[in-house]
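After this come two complexes, each holding subunit A, first together with subunit B and then together with subunit C.
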Partner chain A sequence: MVLLVGLLGACSQSSDTGVKTSVNYDADYAPEDGGTLIDATRGEPSGLIPMIAGESAASEVAQHIFSSLLRFDKNLEFEGQLAESWQVSPDQKIITFKLKPNLKWADGKPLTSADVLFTWKLVTDDKTRTPYGSDYKLVIKAETPDARTFRVSYAEPYAPAINSWAGLDILPKHLLEGKDINTTAFARNPVGSHYYKLEKWRPGEQITLTRNPLSSQGQAHIERLTSRFIPDEAAQFLELMANNIDAMTLSPVQYARIFPARPELQKKFALYKELGNSYTYLGFNLKRKPFDDIRVRQAINYAINKQEIIDGVLLGLGEPVASPYKPGTRWANPNLKPYAYDPAKARALLQEAGYQDRGDGILARNGKPLSFTLLTSQNKQREMSAVLIQRRLKEVGIEIHIRVLEWATFIGRFIKTSDFDMVVLGWSLALDPDQYSIWHSSQQAPGQFNFIGYNNPRVDRLLERGRMELNADKRTVIYHELAEILLEESPIVYLSAGYGLQAIHKRVKGIPDPAPPAGLGNNTHEWYIPQPLRRTEITP
Partner chain B sequence: MRRALANPLALSGFIIIVGIFLLAVLAPYLAPYDPNAIDVKAILLSPSSTHLMGTDALGRDVFSRMLFGAQISLLVGLVAVGIATSIGIILGAIAGYYRGWVDVVIMRMVDVMLSIPTFFLILAVIAFLSSSVVNIMVVIGLTSWMGVTRLVRAEFLSLRNREFVMASEALGASDKRLIFMHLLPNSMTPIIVSSVLGVASAVLIESGLSFLGLGVQAPQASWGNILTDGKEYIQFAWWLSLFPGLAILITVLGYNLFGEGLRDVYDPRTSAKK
Partner chain C sequence: MLSYLLKRLFWMVPLLVGISLISFLIMHLAPGDITTSEAGFDPKSSEESRQKLREMYNLDKPVIVQYGLWLQRMVKLDFGNSFASHQRPVFWDSKDKEGNITPGMIKEALPITLLINVLSLGLIILIALPLGVISALTQNRLPDRSITLFVFLGFAIPGFWLALLMMYWTGVMHDWLPISGLHSQGAEKLAWWQYAWDSLQHLALPVFISALSGLAGISLFVRNGMLDVLHQDYITTARSKGLPENSVVYKHALRNALLPLITILGLSIPGLIGGSVIAESIFAIPGMGKLFYDAVLMRDFPTIMGILTIGSALTLIGNLLADLAYAWLTHVYAGE
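So, the complex of A and B:
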């Protein structure tokens, strides 16, 4: 996740002329405090309480304002954030957190275990409209023996428990007690305990954060972070070139074609590439014929050329995927390979399943042709993938009609109701390998994540064991087996995992390259902007 | 017709229309490549002798896609206007000939339809149906008949009281004979003019729908969806925006010039003003 922040729109326009252009952005500078980092985001947050907003636009800003008990360090190991230490009982059912001493909210009030307990009660309260309550509802008892100690008990060992406490932003009891969390004005005027606090939110325009002198984590180098709301990718790029923003997410074409062709851009911007924890797939509706037939699914898997999608759609900026985990992590089974592109084998499988050419190049069985509608959202990369899939399937006798839908309609009308033949979609994954909600047969109600209707008792058992198992090596074995079954059964066809592509102005120093496993945004408090490289700014 | 082509406006419009028509009809012979042939090794190439208008983000030849896109534009334009004109003539004739409550009902229907912004009405309808070329033609046709209806009704009302019509009626001509032998033939000129102009707006609506992703669906090419594909690469792959944009501009201009030219020649009211 990236960060950002902003600037004073009009004042910055002249910054890149004259003397400034002769600045050598590649020189080394010692870390120093101050400066403003401006970044662009496609959506404006609906509010800044992450558990209520539930959207990336909100969490990208709120991550600088609120702290959790734990966080991931750059190598994705847990470390304390508000917690100084934590202990898991020998039976794995009780976790005790010890808070750091003298924690304060940005308004100067003390931050204690009562705030943590209050936040837990909020997130598990049925009146709180949050999608994240289920992890915390497994806690059967939460208590605060003293102001610095918070203890939770589970009925059974729960493997994702520690992970869940790294994801819960602690909220201030003294400001929220007795208020309706769903509608409180606090969402637009938050008080947290992290490196930054809200300075100004100009609706429809930008959010500016400034350093929090009472931060629980020490002090960040950069004085201000501004996020400008610019929905259009092309418009963001224009602003980047005009030096009005310092950072943005690039498309493969911007990264691989435009940047290499523009030396003046390369002088000013550094490019970063990191594999995200997500992948794109082709999903089948397993409750509809003929997708209940494993031979049809495997045939489609063989008929699709995944490398062509990586080369054509991602311009090579992606990795093949053979398990539902980020390639290269311990959870991804290294022995699995994607189905090779093999149209002959696809045709043989379809023939075995009883499909014959009915004369027009489309295969059919009992008069029913292999003709389907493929749905996807208005996302250029997914649309292009769909066109490539359409062509390859036609070659083996399967006819595809593509329908591109606006996101809210796609999800609300078709995905949540499982009303589709095939979809091109993506999963963005948590760091914990538990994928109970995606593959378990109990998760098929409208709105739940197993909308493809996957139902395999063996997989169900693996998922149930996986979330109860706390030994990482044993969990690895479980999830490797899960991936093996999924690849064999092919309930979805993995297409690719694309790289996250970032451009960040070279005036920003202290960014690790290559990105650590936890991602570029893991150490933003260590980033700095040396005085000679800053924009000319008029401060109010 | 000869008179019309003596008008320089109408003539230039006519030449443009015929030219585009020929390109569309001959597309299968003129296109150097299969318009849907993907080549991931030739992505976003700029115009050259091998790819006259460059290639798109999937390595497809833009020139070939433009030619086949012309077929879609013309087909949608002609069929949609055919539907709209047929409906307009029927309803307008009924309203103008029979008058009375039939007229009132039909004209209020027209008012209701006109009070809804057409493009948004089309957007709403397309959102419920799936977007195929057939649906687009039908929906545009079903939402743009109001102008023709009013025109035909007005012509009928004025012709109804002309001596030759009354004479024919006095001689015992049937309703059918009056409508089809006398009133309709004498109303054709304004209908033709408005149809030609209607094609221009149908072409624009189809391009607009495709641009918004609600029109012609992939992989079929249409000028609107080539344009929308090009939007993301506009600073870099100008050819993806320029050529379809120009094609839409020239086509719409052609129909408008031809339509306006026809009107200047045949419509005594506008000619008189000059």
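So, the complex of A and C:
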């Protein structure tokens, strides 16, 4: 205690890293270079080679360091990143990429098609410890006719291919050839070709990136990006309040309750929301009775009030979904509407399916009551959704027991073995509409992703056709039809798609508001921090 | 004495093997493995690649075979590499052909946890000793009662709650102490003494919070030990000889009362390497607690086993050291 009081007294004069509060953060400034943006993430990357690391903490940092052949523009359409152009052959089996001229790695060495070929070989190598090789293994021939051309051939047209080349970060051959990619020190000391390069990684504390003068994409405005690893959400928020970090992801409570109640925070921070790439759903085990009966599934769908879940769990910060695609993108069928909340219809459907009240408020048929266990993972939002579902289903005569499980147990013990009645889970979605692994009837083996056991020949055919069709308009028609069948058959009940919520300090300018479909992070290179608004930094 | 020591050391070996076997089995009782926790639910990942991984890590073999393989490495003090995608060594640093050093996970997390725990244990003893003595001397009167109340409050208050309040008070409301982390931005540009001061400021709250909950145990232990001793005949004798009260209390009573404390300190040695997950998460400190917790969630078996083995070895050594110190001190005192 004495020591603490001593410290308190002695350091009350210590460095003031914040800017004086009299600065008007709302004023307009012209874009300029320089400054440091500090944000907080909950996890530390395990490494910075995206194909190996896999977790979101890694890709969030690595996306500033490495470039792919293609990327998504702000409207989620493809555009060239390292590639200047790309062409699909008439038979849709060959894709040819032409690289931009004079590309360089951050260490000054030229970036050529040989690097792309090398990266493809790495990701398809059986010795590479990556779960993401399957898309690239479909390439039967990869070649480099010259230093700026990269050509891949497929045995048959494969539509997700284009998307897969937007997801493969190109790695430098000259630094990685002959090394074991799984354990190489490169993972902690990467060299890329994007806007930023690694300046310093303090393990367990933070990663700092600094501008890459040889960037293949031109120059970003902000000089330095620092990501601090702060696992606790409340501690992150305190750091934000104390002006020690510039940006963090908010929970719905922080966004909708705490911020509005604190004017001093509103003075310094701007709030942003963007539609996330995931949705929450209630899934049935279709191999178990009575979930093989479409009437039961539809009844449950009608009995659940989705708006109540959005209002109660997400505090209104989300949208209902009616297809497994991000609302507002071309793949989401705009004509589809979620099942309305209609308990009377639910009861009628259950009665039609032969279920009668046995006197205790729970429906039963042939002595078998509608009583199920609902499993979900340790995730507050999913748990709360489960409770709301439990209550609504009770009103139509279905009894639910909720069981909350730790993630690895949930997946290992229950999902892989298909040992469940109902689950509340989420899918985060790649931007390509191909969902073969989730809905196709061939994907039901233990460990595969059609663990609900969905089996519909029409859907199978659509999924197969969608994979073979590279024309975006024709694909759209296919996936709109797919979504229509899924909604009608109700193998899962779409619950909600939550917004990604962000607080960013007003000293950071150039952020698009509202966020474009691709999200806030799509144009970070255009963000800037005007000189008068910068934090004072420690100088030697 | 030497044969006793050798005997104790010898018996530690089967004990360690037994402990590690039980830990290994219990760890495998939990469903799931590294392939279910990592990328296990990404529709872009394939089951074949996960199967490949299982074979690579021998997870497809019977548990007892896996234990045998682990033990085989362990006798050479090889803790192995993590199952996580970075495959970093669990304990020792590894060096590749170019001389790049990959730091071991435990080796990286241990110093900071040790530092916090040693500082906090030091702080506990520094405060708990006088508190205990005062309590004993004023038994059942106001100072005793208020000290007991204070240490129990410290014991009962949830650490994470107090930590957040203190962070808010000293970091947000006033700019007295940093909120979380170990260093300030740009701290590497500071002179070494400024750097040390900066680190000390960052450690102040975590150490304070962790010490607060430990005060109750030690201070009550000292209090009760003192009370026991103060009622002994030789203290009455010392008093009746007319020795000054200070000499009675501090020279004769306290020294004897402190003897059992050695056992407690011996037992707290393994605790020194264990961090609190909650405190480390809140203060964003990359210590052992977080390392262990994440390893369990991820089913990173080599890391879990590495930490458990070091912990159990330290427990056994701590017990042994306490016994030895006890024997030695009794010997010294008896010799007096």
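Assume the second predicted complex is superposed on the first by the 519 of 540 C-alpha atoms of A that agree within 3 Å, B and C clash if a C-alpha of one lies under 4 Å from a C-alpha of the other, contacts with A are read in each partner's own complex, and residues count from 1 in each chain.
Keep this in mind: contacts are C-beta pairs under 8 Å (C-beta built on N, C-alpha and C of every residue); 3 or more make two chains touch, one makes a residue touch a chain.
Keep in mind it's a predicted model, so treat the numbers as computed, not measured.
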Clash or fit (per the criteria above) of subunit B with subunit C on subunit A: fit
Touched partner set for A:S85, first subunit B, second subunit C, both or neither: neither
Per-residue contact with subunit A, leading partner among subunit C and subunit B: C
Partner chain in contact with A:R257 - subunit B first, subunit C second, else both or neither: first
Which superposed partner A:A234 touches (first subunit B, second subunit C, both, neither): both
Partner chain in contact with A:L388 - subunit B first, subunit C second, else both or neither: first
Partner chain(s) touched by A:Q435 [first = subunit B, second = subunit C, both, neither]: second
Which superposed partner A:P131 touches (first subunit B, second subunit C, both, neither): second
Touching partner for A:N24 - first (subunit B), second (subunit C), both, neither: neither
Superposed model, angle subtended at subunit A by subunit C and subunit B (C-alpha, nearest 10 degrees): 40
Least C-alpha distance (whole Å) that remains between subunit C and subunit B when both complexes are overlaid: 8
Doubly contacted residues of subunit A, that is, touched by subunit B and again by subunit C: 234, 238, 409
Contact footprint of subunit A on subunit C as seen in their complex: 30-33, 36-53, 56, 81, 84-87, 96, 98, 100-103, 108-109, 112, 123, 127, 164, 167-168, 170-172, 174-190, 197, 200-201, 204, 208, 280-286, 290, 297-299
Subunit B to subunit A touching residues, read off their complex: 36, 38, 40-41, 43-44, 57-59, 127, 130-131, 213, 217-219, 229, 231-236
Residues of subunit A defined as touching subunit B within the complex: 233-234, 237-238, 251, 253, 257-258, 261, 308, 311-312, 315, 373, 378, 380, 383-384, 386-388, 390-391, 401-404, 409
Subunit C partner contacts - residues on subunit A that touch it in the complex: 1, 3-4, 7-8, 11-12, 14-18, 36, 38, 44, 46-47, 52-55, 126, 129-135, 182-185, 187-189, 200, 202-206, 226, 228-232, 234-235, 238-239, 241-242, 244, 406-409, 411-413, 416, 427-428, 430, 435, 437-438, 445-449, 537-540
